[in-house]
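Take a look at the structure below.
Note that the chains are named A, B, C and D in the order they appear, and that numbering of residues resets to 1 at the start of each chain.
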Amino acid sequence: MIIQFEKNITSTQRERVLEILSKNAFKTREAVTQLSNYLVAIGKSDFDIRIIGNMEGVNDVHKVNDDYKLVSSKWKVKPTQIEIDADVTIGSNGFTVMAGPCSIENENQIEKMVEFLKTNNINIMRGGVFKPRSSPYSFRGVGIDGLKIFYKICKANGIKIITEVMELEQIDDMYDYIDIFQVGARNSQNFNLLDALGKVDKPVMIKRGLSGTIDELLYSAEYVFSGGNEKILLCERGIRTYEKAYRNTFDINAIPILKEKSHLPVIIDPSHGTGQRSLIEPITLAGIMAGADGAIIEIHEQPEKAMSDGQQSLNFNETQSLLKKIRETSNFKNQFLS
Amino acid sequence: MIIQFEKNITSTQRERVLEILSKNAFKTREAVTQLSNYLVAIGKSDFDIRIIGNMEGVNDVHKVNDDYKLVSSKWKVKPTQIEIDADVTIGSNGFTVMAGPCSIENENQIEKMVEFLKTNNINIMRGGVFKPRSSPYSFRGVGIDGLKIFYKICKANGIKIITEVMELEQIDDMYDYIDIFQVGARNSQNFNLLDALGKVDKPVMIKRGLSGTIDELLYSAEYVFSGGNEKILLCERGIRTYEKAYRNTFDINAIPILKEKSHLPVIIDPSHGTGQRSLIEPITLAGIMAGADGAIIEIHEQPEKAMSDGQQSLNFNETQSLLKKIRETSNFKNQFLS
Amino acid sequence: MIIQFEKNITSTQRERVLEILSKNAFKTREAVTQLSNYLVAIGKSDFDIRIIGNMEGVNDVHKVNDDYKLVSSKWKVKPTQIEIDADVTIGSNGFTVMAGPCSIENENQIEKMVEFLKTNNINIMRGGVFKPRSSPYSFRGVGIDGLKIFYKICKANGIKIITEVMELEQIDDMYDYIDIFQVGARNSQNFNLLDALGKVDKPVMIKRGLSGTIDELLYSAEYVFSGGNEKILLCERGIRTYEKAYRNTFDINAIPILKEKSHLPVIIDPSHGTGQRSLIEPITLAGIMAGADGAIIEIHEQPEKAMSDGQQSLNFNETQSLLKKIRETSNFKNQFLS
Amino acid sequence: MIIQFEKNITSTQRERVLEILSKNAFKTREAVTQLSNYLVAIGKSDFDIRIIGNMEGVNDVHKVNDDYKLVSSKWKVKPTQIEIDADVTIGSNGFTVMAGPCSIENENQIEKMVEFLKTNNINIMRGGVFKPRSSPYSFRGVGIDGLKIFYKICKANGIKIITEVMELEQIDDMYDYIDIFQVGARNSQNFNLLDALGKVDKPVMIKRGLSGTIDELLYSAEYVFSGGNEKILLCERGIRTYEKAYRNTFDINAIPILKEKSHLPVIIDPSHGTGQRSLIEPITLAGIMAGADGAIIEIHEQPEKAMSDGQQSLNFNETQSLLKKIRETSNFKNQFLS
């Protein structure tokens, strides 16, 4: 059960609600987010929620049978839109493209990329500054100083930044220089990090784990939401299977299932979801038809010289061609299929 | 290396070619198909194929580095079209829909389905008469007698039949009553069956194994082609993974990869690829954008009463709605994206 | 429910039983095996089986809640022993080793192998004559003529033969020349083949599918048993997973689970279950401790020259060393751990 | 290449080595651990390492072709033993058992468990105080205060503690109260945590990820070692596959492969590796035969009342029976099979 308190609920009113729930053996957790003051109550399913609904200080009550609650579509049927900015909203009818290199490398690279994005009407740039790498000897990113340069250039050009946070201690350092925190696949169940991102007022994009289930992704989102932050994007980025013909198996089924189960926007990552340049276009267009709200795509001025993930990065020409097709397909979907 | 002999090659000319290959330690296998007389030669990769190309009786020679040969796009760049009939071709620019129940149940069911298909311009009906079932106690299909009734009704209405053959002994019995032989996922590496289907002049649709790799599917097709039958359809029907939110993981990546690697048409099976009615529409439309040439879809007049697979079958209204979207999406793709 | 009829049940008695079951909406299937005359009845679980148990002509009745029936340990608690021969029994307290090459190659190879096996007290030889191969261009076995030579040499030396049958048409041809039919992983759900092996009075070893579930293996065994043949060995041979450090993931958990769920003996195949010579010893010894009844192991006089699977075959020295450890471990287990 | 410096290497000597490596385009990383001062140099494979080996200040040089270096058995052939304490060493010929509840619940539970462990000669107790849980609403552990009580009781009874650290900020708080840091499966690639544990002088046990590869586990260990801490235990705890008959697929192949590839001890977790009480005994004994150095086992005075993982916990009687078999099997292995 999810209870939404009124903004001006008195502490006496609140205590009365908690008392009734306690008497009925409910476990409760409060979540004060940007939008509302929720109380998640977990317990017996045959409880008459009208008892709570009629109490003073209570704005609304919803029964949610799913194991995750606040991220479930059972209580919030309308899809959620995430405002990155006055101009940039994810999860409306359009299809949002975030693009940029796997790794931020240097100032010159950022400038050329920002120029390219502006020319092509993309207003969110991706780019890793902290890189999770299997081997300790691989390039691990330019770090916080690189992020500051990245931010300066983007800010000057009206471009928003999405980048990965690997560790809760980095949150404060990064906060002023990013617009969307990304939680990587390897940190998808780093629960302390998710808890900490629940305390932050910036959007968080959570990638599904390497072999994460759809339910685990929703639970990870529930950590952030119940921690106090409802600005969440879910990201399908391919799963690990036995097939070796490509890097990961892009789980297209996950898109309509996530949209059914949750009200949160779904972003696809065709770069990691395939690991192969030639597959990015067909999988992105497929993802649009399957219901995705946006894509995060690795692009590079010279993929063959990229410090990481070159084999799955598009060059500028390929990106422009893809963007044109994305827009046509997204328009087609909105006009003819809704 | 693939050598195409001229139709009127003399036995002396043929022997000379084989002699040269033998001297150069090539292993050879001849494949006489509906269209041509091929010689597949496997051996050293630095052989100068012009030596063969210039010989009498040889029409063409192609170098193919892939482990599969005849099904590879390395020698046949243009996509293959499979003629089911003078009117029905799969693999052209359109998108072919084959639809029908999981299992053929009775005459009445067939008649209503055929009526529905005709009204909706679908000219290939699916329907299992031999059903592979995990348990020996499950319904195992109406068998050859059911097939004859199925055929009679379809024939009278100009509808083609695709149905599964489980065993090579069934091929002869079924031959006169079907238009496309389907090899099921569990028989995807039943090599004796594949060998036998190479001897037949009817199209064969091969489903990918439950956990079959993309290469294994192509090898299975190579069995049929090298056996003498080039009328082959490849079918992606979802793979087995750890995820339990649906029945199978539809491998959308497989579509563009199969189209890159092979010249054969790719059919998708969104019914088994998802196992869930609500996913069939988004996955089918996604499949079109990813490059599929057609879909085989389970539909039933009353899915809730189906003898098998009801939970993944569309009813007639849902089917009509989907067909409309399939046609719009296929048109859009052909007009705006090519 | 499993009903065991008395040997001399009259047809009237039989009909009375069927009538009662029919009235109570049970679906029935009779299985006349080497040992007994079973009637499997599937239907409502709250039926009082004593009604049947008290009828004339009925020897015994058992309630079995599992979806598979005759292979379940629910009705036959004591492990089944399979007699290959007066001297050779599988599934008793010992641990049976079957060994030999992946493929039968020639007479000389068979003779040396038989000599080696005799010297080392192994009395079942494996060796493929029909080889299931992904590619149609790979070596596909010496066929039935090779089998006859294989048999002649083994027969003369008191060695039993286990070899793979790929196709139901081969059963009759092979019958006189083999002692155990092996169903390969790729044919694990070739239901027509399983049905046909149910009609045969020779033991059948069924390998688990490439990505077969434990339940699917038991269902495949149920096909053979319900078809009339209770001489069945279950074989764990590794499953397909994402891990690439070896060929297959040997599923050691499957051994105790199969022993819990079924009364049939469990054979392990450490050669395919690992794909790597150095892993065969540790995995075989582990398998003994986990409860396996035997192992089928690929060995070759000169693995580096084997026509197939050389990288996972032991040479004669390695085999002797392993056999010594197998015997010690099996003895240890029987003496100290039971 | 791994270079071991002499303890008293001068800074001039060190610089000369670095200079030569730099001239030859090697990337280097120094690792000062409890035992030695290593320099890992990554670069061209045809470099003559004797050039370095002959330099002053250099104790030894090893060529290591694996992508991981310090954890590889290529340079350190003899298995590493980890001293937990003067009395307790892991990785010697014996087999170390660590046991205890999934979650620490209260003082009384700890006391009874400690008593039981002492009586049964187990000197390392497991018990989670920070619990990684998919759902934010599940019990998440008694935290640092619980750990202090846990420690007090264990300390008084000579029992060592292994418990999970979820977040690098917890390391300092936990340091005085634990003997082995455990990195959980979900944190197996939390690289910041691994980096931080490299700075600590206490043993670290790293669990393989939910779908982690064997190489990824070795890379994670390389993070800790190259960070400065060589006291590392590798833990196989089952992987995620399609099979639903149990919780995880225990990867028995991983044991001999890890022992081949690395010099570090391998611990098995049969509790998570199976998820089922009845499988713990067979899998543990199998693990001993496959080469494991120890096991971490979930036990509980009353499994049916455990706050987590009761279905996979042994009670005290079952534990005693298992311990007896573990000791016999370990002795057997050491005496008869080495």
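Keep this in mind: a residue touches a chain if its C-beta (ideal position, glycine included) is under 8 Å from a C-beta of that chain, and two chains touch if they have at least 3 such contacts.
For clarity, every value in this text was computed on a predicted model and none was experimentally measured.
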Chain at maximum distance from chain D, centres defined as averaged CA atoms:
B
If you tally the C-beta contacts for B-D and for A-D, which one comes out higher?
A-D
Find the geometric centre of each of chain A and chain D from their Cα atoms only, then give the gap between the two centres in Å, rounded to an integer.
33
Taking each chain's centre as its mean C-alpha position, how far apart are chain B and chain D in Å?
50
Based only on mean CA positions, could you tell me how far chain A sits from chain B in angstrom?
39
Residues of chain D whose C-beta touches two or more other chains:
211, 215, 240-242, 244
In the complex, chain A touches chain B at residues 211, 213-215, 239, 241-246, 249-257, 260, 273-274, 278-279, 282-283, 285-291, 325, 328-329, 332, 336-337
Sites on chain D touched by chain A in the complex:
27, 29, 40, 42, 67-69, 132-137, 140, 166-169, 186-187, 189-193, 195, 209-212, 215-216, 219, 222-223, 226-227, 240
Would you mind writing out the residues of chain A in touch with chain C in their complex?
211, 240-242, 244
